[in-house]
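My structure is below; once you've seen it, I'll send some questions.
Letters A, B, C and D name the chains as they come in the text, with residue numbers starting at 1 for each one.
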Amino acid sequence: MTLKTPEQYVDSLRALKIRAYVNGAFVEGSVVDHPAVSPHVNTVAKTYELAHVPEHAELMTATSHLTGETIHRYTHIHQGPDDLVKKIQMLRLLGQVTGTCFQRCVGLDAMNATYAVSYEIDEAKGTDYHQRFLKYLEMVQREDLMVAGAMTDPKGHRAKKPGEQEDPDQYVHVVEQRPDGVVIRGAKLHNTGGINSHEILVLPGTAMQPGEEAYAIACAVPADAEGVIFVFGRQSNDTRKLEKGCDIGNTRFGVVGGEALIVFDDVFVPNDRVFLNGEIEHCGTLVNYFATWHRANYGGCKGGNADVLIGATALMTRILGTDKNTIVKDKLIEMVHLTETTYASAIGSSALGYQLPCGSWMVDPISANTVKQNITRNVYEIGRLSHDLAGGFIATLPGTDALDNPDIAHWVKKYYAANPDYDVEERIHVGRYIENATSVTTMVEAMHGAGSPQAQRIPMLAQANINAKIAMAKDVIHGKDDVPGLPLPMNDL
Amino acid sequence: MTLKTPEQYVDSLRALKIRAYVNGAFVEGSVVDHPAVSPHVNTVAKTYELAHVPEHAELMTATSHLTGETIHRYTHIHQGPDDLVKKIQMLRLLGQVTGTCFQRCVGLDAMNATYAVSYEIDEAKGTDYHQRFLKYLEMVQREDLMVAGAMTDPKGHRAKKPGEQEDPDQYVHVVEQRPDGVVIRGAKLHNTGGINSHEILVLPGTAMQPGEEAYAIACAVPADAEGVIFVFGRQSNDTRKLEKGCDIGNTRFGVVGGEALIVFDDVFVPNDRVFLNGEIEHCGTLVNYFATWHRANYGGCKGGNADVLIGATALMTRILGTDKNTIVKDKLIEMVHLTETTYASAIGSSALGYQLPCGSWMVDPISANTVKQNITRNVYEIGRLSHDLAGGFIATLPGTDALDNPDIAHWVKKYYAANPDYDVEERIHVGRYIENATSVTTMVEAMHGAGSPQAQRIPMLAQANINAKIAMAKDVIHGKDDVPGLPLPMNDL
Amino acid sequence: MTLKTPEQYVDSLRALKIRAYVNGAFVEGSVVDHPAVSPHVNTVAKTYELAHVPEHAELMTATSHLTGETIHRYTHIHQGPDDLVKKIQMLRLLGQVTGTCFQRCVGLDAMNATYAVSYEIDEAKGTDYHQRFLKYLEMVQREDLMVAGAMTDPKGHRAKKPGEQEDPDQYVHVVEQRPDGVVIRGAKLHNTGGINSHEILVLPGTAMQPGEEAYAIACAVPADAEGVIFVFGRQSNDTRKLEKGCDIGNTRFGVVGGEALIVFDDVFVPNDRVFLNGEIEHCGTLVNYFATWHRANYGGCKGGNADVLIGATALMTRILGTDKNTIVKDKLIEMVHLTETTYASAIGSSALGYQLPCGSWMVDPISANTVKQNITRNVYEIGRLSHDLAGGFIATLPGTDALDNPDIAHWVKKYYAANPDYDVEERIHVGRYIENATSVTTMVEAMHGAGSPQAQRIPMLAQANINAKIAMAKDVIHGKDDVPGLPLPMNDL
Amino acid sequence: MTLKTPEQYVDSLRALKIRAYVNGAFVEGSVVDHPAVSPHVNTVAKTYELAHVPEHAELMTATSHLTGETIHRYTHIHQGPDDLVKKIQMLRLLGQVTGTCFQRCVGLDAMNATYAVSYEIDEAKGTDYHQRFLKYLEMVQREDLMVAGAMTDPKGHRAKKPGEQEDPDQYVHVVEQRPDGVVIRGAKLHNTGGINSHEILVLPGTAMQPGEEAYAIACAVPADAEGVIFVFGRQSNDTRKLEKGCDIGNTRFGVVGGEALIVFDDVFVPNDRVFLNGEIEHCGTLVNYFATWHRANYGGCKGGNADVLIGATALMTRILGTDKNTIVKDKLIEMVHLTETTYASAIGSSALGYQLPCGSWMVDPISANTVKQNITRNVYEIGRLSHDLAGGFIATLPGTDALDNPDIAHWVKKYYAANPDYDVEERIHVGRYIENATSVTTMVEAMHGAGSPQAQRIPMLAQANINAKIAMAKDVIHGKDDVPGLPLPMNDL
């Protein structure tokens, strides 16, 4: 069985003994059943559900290059540009269906990066990391596991490197090398979906220097392994999830992927789950591969999310009665334009992909960076335009508990009525969704996910090959290779 | 006594019997003591407090042109450009001290607008509205009252005018003309500070057409008048105000001014508090005067709020250890640049003010519109840059209840430590403040307060006098009045 | 012979008797040898030259689906997404080599549009336009002709349709239907490359209404047909092309494609060159197909041109000695970012292409529109950043005739010296290239070529399918299809 | 006589023996009568003309604080914020009348800077520079002279300071100290209006370090002093000024101020014209004072120029028949908005001015910097919008020599006709004006005049007082000074 149903996904999570703290308290029972977590579980469940829908099979599934079996695309190693394009299309679809982050991309990109780099290390050093990883990958594909990539170290003082920190645990590192495995210590921040995953794939968060070998560690850890502790993050308006009524906004799903701090409190990892151990010179490539795939993704998932926000905003203009206005339409067009720009770029980045030494396919790096860079601007501008069109009531609307009080419910219903074709509850519910979809948590995720803005810009300069462009300029400006006989001014110089 | 102390302000509010619903429930006792309201009361209290600080006296107080007494500037009628400039400076100061909306501007602008238009109606029609208003104003100045302007009607279907709505109550209107006064019905939305004000000054929210005379009503109502009901709005992360710990962010103050729906359930207003009643042709001017002053304000108050946000963001870069980075500095500069642009424009709008028929002073309209228009963009961009520099943890940070649980408090403290010169609690607290200061409620207020973006653009076209510009262009392009004897090409045409 | 050499292209042009006016005067002899035209001829010659360079063969040539022969890609009908992607790559390459417009795209897109629509008309009406066009196309492919598309009518009063104009000739129309062909009258504006083309492919410039049948005409005319008159447009700094020295900037090539007004003074077109004649209901499709392909192109050609401008700007920073500065680098990165955004989107638009009824392939329309829309902004911002980095001397530099005067040449050389590794002439030459590459002519072409900005926005709204997005939003907001057993709030609503 | 007429200004120029090279050739006779220079002379003549127009007297003239006489405002030392505001208003007026740069601002700001700094040096060192300058200033005021400020040194290798250059002449310096004066050598770039000025006021172009005393020199030189040589710069489309017909665009006036390279080929300056000589520690202040006043100016002059461009663009929409379109109007509004933003900020910067030690008034520095920073963006965006609305014909229009050829004149007139209420010549003439007003020369001047963009940003960071903002943030976040008795959460922390 290689395609879990949503129910199987949820049941398999319930079977794990995940140690998690939510709102400061230890979660007794399964995290799945905690009301702060279940919306995120439900979102991921959609990724499982749609793989069983025939019309989406082409996007949601792939053929394993290891086994030839039909697997979930979220466990697939990209075999060509077509796979890369379909991945982006899958992300947009899922973004449209959930209106939020569906969390499995980090793991997918982490697996692809580990696949590629373990191969390259073996080629360079004669190790057997790639074979280890292939076995691990086959299990993930066969069991259709959710794997959470764990990338971002706490980083401590930002002006200091891993080996220079006062606290050596600011980057995950190996504290004991054993014959049968390693013991790791440290933490990963901003972990998306780990709390409702089967597996955690731990990768270095940055390039490493000589002397930082202990920080060069990539390995897979079951989400409920001894010593793994999740401290769940809070999100804008998170307590509304515990309320009833339409203030919840996007009822069934989260605002972004439920992020957590993962603590690795001296976790033992057996050798067959270790895929890089001390090879500092490969850490940069691993981070870079991961980040490049991940940056292109944002054109897909945020495109889908923007579709929902555009739809909610357009719906709001109908509720308000402003939808015929030319300027209103032009602002909707701008929201569409910004969305399609990043989506098309992500597709372009995929279509321009190139083959890695291991045989799998990487997106075009410079355009992947532009995708993410545009996301850090366009998502904000889309949100701004949504606020413009949705109106000021988003900031001043009473809570829906007012609707439960008969003394005032009629006032709220009367004075928030607009276009009589729509109920007031619809206006409130759509308004609250817009509030969630443009909340600080949502925006900051778009800003910093897959790397902060400057992290995209710095490689772009190298990738642009400025020297080649200077050569082009010199040739255009000084070149002399005219068509003989044509009376060009250059002849006279 | 013309300058209340903060304590006198609070006590005077407690003496009122305001009917308010917060979180759906009727507030027993004084609204002042409700934890959702008290931060907003405390913010306003700062406006009273600073008027007693000698170094701020020049900005915070003025000399009444009615009585010659020293009064609070928030009850003053602008007597010249200098008053207009000082108002903007006062707003920036208060914005810096509170980091949020201090609520008294709507009332100030509403009083100035009523002062001016009541004079103009009397001139045109021989009525006595201006005399009525002078008595009212004298009381406000003498008692240093907080007056909330109530402008925005619910508006129902946006494509329909007041007289065309299915529900005639979508705009506040007179339902009964009595010899001794009027009875009004309807509601006002987005009311800033009304719930903690002494007085509500109700003005028409739009220009009126013939047939809409009943909607042409301006009058003052005590905040606890019979039939006045407040339904308090909710704000992003509002329930955090009820928590302990640094997740509250800006502990003592609100995110924006506590906004409410005010219902006027057939409220009787005696004649001496009625300042416009049926004079439809003056409603447009009243709205326009109010909006123009109010739009210039945003360069002051949002400038002060931005100062606090810039400070918090700069502090965060020190906490993280990124503050020496050139690009980081350049982004701080951009935040400063955007802030100073709107502030300087607001000062410019004030310095270019002109005198109204009644003798008071109006800001330059077209530049007041540009101030607000820029606010609808710059506040978002400032927020975006703040998110960029503050880092992704704003979106994923655990709640401070984690710090109360000894099982995990040490993990959170360890792994959110950055520059060791700063405590983790400081990082969290500053981060949460940034979250609040860039929340949806905050942003939407900046977008729609003083009128939605298009409301500034439409008058700008008329104010720009395009015909005069075309005449300038024709003269530059076709003019012939050269200096005699100069060999200009025009001579040859 | 299906691939002309540059020399053959030029010679074949000399064999034509093109009637052209340049700078107001009739061109005696061949237009090719006119100094205002030859730079544009030389640019096109590059498209012929590169088709013979083995390393560029994959991009520059294609296999004719009509004959199976190797043809120039500029005469090819797109047979799949791969062809569409390669076209964009070819455009970027040519843009890098020439730094300007190479003119053959309009004809290519016009041929593809005519191919597709003639098929659709035949299907609908049983006409034989497609067969006629296939013969014409085969000749173009075989002889590797340069075909200029002629699209934009003068349009007269913009608020009036073709049939409403005072002057019926404001849109090209048929003034006589003969048994053996038609006689057309009117003009086309902004014609790119027509003056140095073999053929003019005339298409309607807009959708047509009933009663405008005479305006519904698509046909091919030899560039030297009787009655065809070119009036060559002028460009910014065009007279510098007639000077010597480095003020010319891009010496061998034009600033943009040499544009002309083409007058059709009652030109007879035989039936085998007529591909649409009166079928008003197909005009809109024809325009739309043409424009959609053409809009995607801009991500390629302007990308290549931007590469040269970025190179020239980076070179200038070295000449000035500012190239190590962090902010300078960041601005170069921004230029790169803007360039790669539109290029990647154009690739994405191609990769998402779909098959038309005739069997050829169309780019994804909405993303093609975003490409062009971004061009109308990004090209300006790239130019602005180039000016920022290049420095103020671009505006104040003496002409190079100063270098010919020994009284002052030494002053100019002394005081425009910067980094001693570079000659002053280099600084001047590069500066003048930047001036040309950001001139009004260049910018306006980027703004209005392939349709003015609003022409991209209006179709975008329809292409975005707002109703589908509203449905997505409703489903996200109101959907109930949760995973059974998960404790989602929705259960309680 | 303190107010010259335009004719007197021109005649007084003719009386000078200015050594100038234009288009590489020495100008025999007066520069005034050279067709490349006369448009710039004519522009300045407007500044003289308007001082005699009674309705403009308040803006154009001032009362000398030295003599009490009515003088031209362009020779005035600012005596208060009102003077600063009126200066900005004068600039906008002149910008509206000429549509270009009127050149006298550099000299005005240079005189004000010298006035202030000579006073400060005397205070610090007991020198008599200020007295010297007062005598000079009195002459300038009395004779209403045009003084050109000469600021920008060639600067050589940008990464090196004045004392580090290979060529010591890359910054103007004293090569001989004589008892009766100094001999200076070097050059100034980008000199605005010097070629048609009476006087050149030479100031240091940057702050100086110990060892660079010879570079610390401020002095006044008659424009026709021995050893002063002008090499006139060229401008976009400059040769069109020598053509006839409407391609000239702005017929009577230049595109920007006629800029020149000024060479100081060992020029002797007597002591009474020397105002700083070796006081390195005052050079930074001098540059800073100059630049700060000058940056605020751009809100005035570019505002006036933008008015003409907006007018030309609006006129073009009427010519084309697009003027009723809602989106067209909205784009005009945006042009207005951008213009008024910088104007209002410049007024604000003036109104917030402060008094210098010498008694004159300085604009508010940080807002002056924002004005110029916004100019480097807004002028480009205004130009972009103008191109959008004006249409593609700006790039492809034939020259007006076509109108002189009867073979084609009728075609051009027929096919460029649009709204029949307007002549084709009007369309062409307005189009060419738009081309000029958005040319590279114009744009680059807006970008780099008064300092390149980064030159405004760097001081802004210091002027913003980030530490004060951090203190504000800490107080808002951690402050405890609540109103006693109010139930704020802080009580519980």
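Rule of thumb we're sticking to: a residue touches a chain if its C-beta (ideal position, glycine included) is under 8 Å from a C-beta of that chain, and two chains touch if they have at least 3 such contacts.
Every value quoted in this text rests on a predicted model; they were computed, and no experiment measured them.
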item	value
Chain D against chain C, contact positions shared by both copies (same if over half, else different)	same
Farthest chain relative to chain C (centres taken as mean CA coordinates)	B
Which of B-C and A-C has more C-beta pairs touching across its chains	A-C
CA centroid of chain C to CA centroid of chain D, Å	38
Between chain B and chain C, centroid-to-centroid distance (C-alpha), Å	50
Inter-centroid spacing, chain C versus chain A (mean Cα positions, whole Å)	37
For chain C, residues contacting two or more additional chains	327, 330
Touch-based graph of the chains, sorted into line, ring, star, complete or other	complete
Parts of chain C lying in touch with chain D, wherever the complex brings them together	21, 23-26, 152, 154-160, 166-167, 169-170, 187, 189-190, 229, 231-237, 239-240, 247, 256, 259-261, 263, 320-322, 324, 327, 376-377, 380-381, 383-384, 387-388, 390-405, 407-408, 411-412, 414-420, 435, 438-445, 447-449, 452-454
Of all residues in chain A, those that touch chain C in their complex	6-7, 9-10, 32-33, 35, 38-39, 41-42, 45, 81, 85, 96-99, 241-246, 248-253, 307-312, 314-315, 318, 329-330, 332-333, 336-337, 340-341, 343-352, 364, 366-367, 369-371, 373-374, 429-430, 433, 457-458, 460-461, 464, 466, 468-480, 482-490, 492-493
Residues of chain B defined as touching chain C within the complex	326-327, 330
